[in-house]
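As written, the chains take the letters A, B, C and D, and residue 1 is the first residue of each chain.
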Amino acid sequence: MAIAAPQSQLLALYEEMLLIRVFETEAERQYKAARIGGYCHLSSGQEATCVGAVHAMQEGDILVTGYRSHGFALARGTSPEAVMAELFGRRDGCAHGRGGSMHLLDTKLGYYGGWGIVGGQLPLATGLALALVRQGRPGAVLCELGDGAVNMGSWHESLNLAALWRLPIVYLIVNNRYGMGTSVERASAEPELHKRASAYRMPGEVVDGDDLEAVLEATERLLERARAEREPAVLEAVTYRYRGHSVADAGLAYRTKEEIKEHQEHDPLLRVAARLREAGATTDDLRAVDERVESRVQAAVAFAGSSPDPDVSELATGMYAVGSAEQFARMRPGSPFGEEELTFDAGLGR
Amino acid sequence: MSATSAPAEPAAPATETMTYREALRLALREELQRDERVFVMGEEVGLFEGSYKVTAGLLEEFGDDRIRDTPISEEGFVGAGIGAAMLGERPVVEIMTINFLLVAMDQVVNHAAKIGAMFGGEVRCPLVVRTPNGAGNQLTAQHSQSPDGWFAHVPGLKVVAPATPADAKGLLKAAIRDDDPVLVIENLPIYKEKGEVPLDAGYVAPIGRAAVAREGQDVTLVAHGFAAVRALQVARVLEEEHEVEAEVVDLRSLRPLDMETVAASVAKTNRAVCIEEGWPSYGVTAELAARISHACFDDLDAPVERVGTAEVPLPYAKVLEQAALPHRDRILAAALHTLDLSG
Amino acid sequence: MAIAAPQSQLLALYEEMLLIRVFETEAERQYKAARIGGYCHLSSGQEATCVGAVHAMQEGDILVTGYRSHGFALARGTSPEAVMAELFGRRDGCAHGRGGSMHLLDTKLGYYGGWGIVGGQLPLATGLALALVRQGRPGAVLCELGDGAVNMGSWHESLNLAALWRLPIVYLIVNNRYGMGTSVERASAEPELHKRASAYRMPGEVVDGDDLEAVLEATERLLERARAEREPAVLEAVTYRYRGHSVADAGLAYRTKEEIKEHQEHDPLLRVAARLREAGATTDDLRAVDERVESRVQAAVAFAGSSPDPDVSELATGMYAVGSAEQFARMRPGSPFGEEELTFDAGLGR
Amino acid sequence: MSATSAPAEPAAPATETMTYREALRLALREELQRDERVFVMGEEVGLFEGSYKVTAGLLEEFGDDRIRDTPISEEGFVGAGIGAAMLGERPVVEIMTINFLLVAMDQVVNHAAKIGAMFGGEVRCPLVVRTPNGAGNQLTAQHSQSPDGWFAHVPGLKVVAPATPADAKGLLKAAIRDDDPVLVIENLPIYKEKGEVPLDAGYVAPIGRAAVAREGQDVTLVAHGFAAVRALQVARVLEEEHEVEAEVVDLRSLRPLDMETVAASVAKTNRAVCIEEGWPSYGVTAELAARISHACFDDLDAPVERVGTAEVPLPYAKVLEQAALPHRDRILAAALHTLDLSG
């Protein structure tokens, strides 16, 4: 039961979905041009889930995700410039070039990262929800995880705590059918992942992750219940990953070209575009969106390319809080070679 | 318990004799009173009053939101502490013994310790994890470890290890007020040890400062936690039975490590014995011996000696366990050896 | 639906239950007399679960437990002498004085320990079941855990693997209502613990853990299905711990004397004794059992007391396999003080 | 791929050039063929052919019982390996990178390592865990660690770290045949390195033996894994640009540690630089420097130097990451410093 969003909003959401698609395509290009390094996990195909879920968030809500995070950061409103600059490892990146693709964040918008250990973000997302309660703040936490993460012990411990303490948190399982090369059926004894919520007497639902409005509606409802009744929940959004696990993976050893093609036939973007057309949007309207998005992404690339590299003298910046340099000052005698100037002279804290 | 009621009295004495356990409890009470953001979380910290009774009475005084019992889920609630800290809370997570931190290593080392640097300083994690190490009560292989060096190895963490009741109070308070994740390593055998503790609620011990627990000019004994207590006992024996004046450096902090104090002492005594409760190979004493040997290369009259638990999983039988621990006679033998006094 | 065991067998099982009760009472006495040290967790009150479950095992089956293991070792048939000697830390203990109360074992009887980390035994018990399958052996694994262990991540990962790989294993939750001072309701968001099996599409059942025949019947059925159909299962036996968590805990800070008394009114031993009387057993029959058990326990104490302490020269015995001493021979230069003779000269391996 | 098909040919050459990755694969194939009890388990080892392709082709050859894909559950399947080993199987568990071993620390350290001693020698645990450490590809803070010393610290474990394709084959085979739990630390950057590898299926490298990878008399460079590769590069530069003959000791094994080879070398050169891929403080080089300083107290002409990764969580930006790694120039500077040749 999807509530129809007014056309203008739908058009805006469509633009965001397209922004993610185009951004990811560009990121892959930049990776191959060696301007992006490390692991780079794309969200192409998962745009409806990213945009639908994040737009259900209200001011004061908190977002936590895994490493496949470009789409979530963009949906949350982090500028393509700040995200692309982070992928380029530049000073103006949202993590100042320290985090890269897997560790985006934007605390002003309530986005607390971008984490790389499968399932590792669940306990701390649960703790963020605990802090909201302790501080008497009205918000809730939206915590993204992948289908593969559901088999980590951290999932079990986190959900038990959230249910036991009635914490305002919604665990969003982005079920894109595979964890690397392992299909859900080969990884989870209960492949209907949302059903595992019952082991904690927690409500669990599944939604078509490629249906923008369905994702939006379900997430809004569950986040609202989390805020109002402190009832945590699991939402499983079933979608599909078009590209390989990361840019390094061709993504064909464990699935067929046909399977991918079949999914692309009901592409989430095409589905929203169709809805927009029904609602009266013209080809020109949509072309205008294409062009805006194209130029936004190109602007992001230009910005990232011109942002300076971090200064090597700031290698240790941020590692410890201001004032820590004094605590470490007496550690020097007998240090490993060059350790002092490499670590402790570099401005600790900021 | 007078220690905790004393601060209320108008003319409270400057210090009071109390156990290490009571000093920790006093630190928690004071910080819980001082700062709403501080809360305690862990297994059996509330209704059960702590498996080692450190938190006794706190549930009654502060309620179950601030003294929070958890299920047995160390990975889950250490992580919950991290998240709460990221939003500005001041969680103090108790891990029943350091052996159980192994199931939460990933949260401590690959999450808490990474936050500051990995996010370019955009978020901080003022988390405290407090837990006792140690052996000696026949708790056997899985419950008798002191892997202190593992944590001291990790950039992004701070690690302190109080050896006296006064430092138990001062360092725990410093850890709670610190803006970075701090591991406070307590010790099972010390919980009952008594000492003078400042009652001033403003008293904190500085992180990154060692203490010269005893002055001497013949040999330096370097240690932390319970090993520092052992070192002081050996120093007395060295004086009484061997006319040797040992200087004892109580490290108090492992990361940062106060090498200036250690190096200054060894420069004076020209001899050093490093002692730890855990296994020495790839342990804390390895770092100490490496740095002392480097910093005091021209001062040393003998190789730096190291004493720790024999490198076996601790056996249950009392005779075997005692043989394995870094007990008085083994430390004494090492000290006499560096002094060329071995009979 | 309990199957009636023939009286003779019931009498034998009664004797075992009584043996556990008397042994535990004696162990507490010996602990207070300082002949036993470390942690000492008693099974008093849980005898029907220990005896009923273990007697459902067949030759070739494997037993793994947590640290509250005296009752399981005795039920499996390890001699009271070998168990008491282990508690005394003597050479003739079942772990040669190395393991103590928490780490009993008896591999000849398929008992693979006695483990001290809550939930830590679950993954390895699951691996023992995997080995049975790989080796084409007909047996199954019975893995005991407490109600508190159900909240550890290791529970989740282990059950998912067992169900995914269809391993012959039955996870026996000994629900004695508390994990130290924490009641099941305060620890588990789903307090009906066996229901958590459904998160793995695994059957889960609950049984009155103080009803010997009910425990025996349920365990037999589930173990048989595990052997025959490689269908893993969860069995929750609800019982009660009479004594504190360990001998060091008075056990009254978190429950009332009345609660304990109430449970003692339907003591599992009294229940079996009543069934025996119905079946015609006389007071003399039962007194004879009392006397036999009493003397068996006293014999165990005498044996343990006369067994020698381990030899300090064997401090490292067993740590590494035979032949390892040679691998370590070149490690000596620069060793920590006394490390050589303390570790590597002591007969490595056996 | 010739490496794996070669053994089949009648007149196979005694050695063949192959990558480190291929040498590991060859070792696995030979042991899987030799011993039914050997099986491989881990994430993506089968259908995906291994995230670093070490197990490529093995699923097809040996089937999914012996090449077993697992869910993402390191604690679960490392533990499953322990249990299988206790019943006499020979599991070879792959952990995608050593960073993910943190979630399984408890199973490795508090279970596998304890079995032999804790049960009085009644059960053994012939488990192999193989996993790469290392950094340098901008994998960032959570994926770029080398906590090798943590495991070398643990009595009951054995830890090896091959630096060459030949040792990759020989040490992995030795680990699989060993009756104790062995951690085989591989390294990401070395996977593609080529070298001569013995094709003899009986070839194993001894655990506990270091190798003198290069002879020299001016200074000893001690390292393991990729740091040993770096050391050899620096030794060539020292020779070509500074007329310094460096001896390189490749440790190959961290527990047991072959100190006899190390001490003999330093006794000859009188100078030592210890290098590791990870953080040096409380790391592997701490133990090395401590032991060398002790064993060679009278031989050393200069303090033992240590070089490792700068003590920060590894940052993403290439410039920062490169500055942090123990690269050529930093090792070179340390070596010249010990030799009093720093400009």
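As a convention for this text, a contact is a pair of C-beta atoms (placed from the backbone, for glycine too) under 8 Å apart; a residue touches a chain by one contact, two chains touch by 3 or more.
Here the structure is a predicted model, which means the values were calculated and not measured.
Chain centres computed from CA atoms place A at the largest separation from subunit B.
Counting C-beta pairs in contact, the pair that comes out ahead of the other among A-B and B-C is A-B. One inter-chain figure worth recording: subunit C and subunit D are separated by 39 Å, centre to centre, where each centre is the mean of the chain's CA atoms. If you average the Cα atoms of subunit B and of subunit C, the two centres end up 35 Å apart. Separating the CA-averaged centres of subunit B and subunit D is a span of 32 Å. Contact with two or more other chains is made by residues 71, 73, 75-76, 99, 102-103, 106, 110-111, 117-118, 140-142, 155-156, 257, 281, 285, 290, 293-295, 303, 305-306, 311-313, 315 of subunit B.
Each of the following residues of subunit A touches two or more other chains: 95, 97-99, 103, 115, 117, 120, 151-154, 157, 160, 164, 186-188, 316, 319, 334-335, 343.
The touching residues of subunit D, when paired with subunit B in their complex, are 75, 99, 102-103, 105-106, 109-111, 113-114, 117-118, 140-142, 145, 147, 149-150, 152-156, 254-255, 257, 279, 281-290, 293-295, 297, 300, 302-306, 311-313, 315. Touching subunit D in their complex are the following residues of subunit A: 37-39, 86, 89-90, 95, 97-100, 102-103, 115-120, 148-149, 151-154, 179-182, 186-188, 253-254, 309-310, 312, 314-316, 319, 334-339, 342-343. Looking at the complex, you find that subunit B touches subunit A at residues 39, 65, 70-71, 73, 75-89, 91, 106-107, 110-111, 116-124, 155-156, 158, 178-180, 206-209, 253, 256-263, 290-296. Within the complex, the subunit C residues that touch subunit A are 151-157, 159-160, 163-164, 186-190, 195-196, 198-202. Residues 62, 93-99, 103, 105, 107, 112-113, 115, 117, 120, 122-132, 134-135, 153-154, 157-158, 160-161, 164, 316-324, 326-335, 343, 349-350 of subunit C are the ones touching subunit D in the complex.
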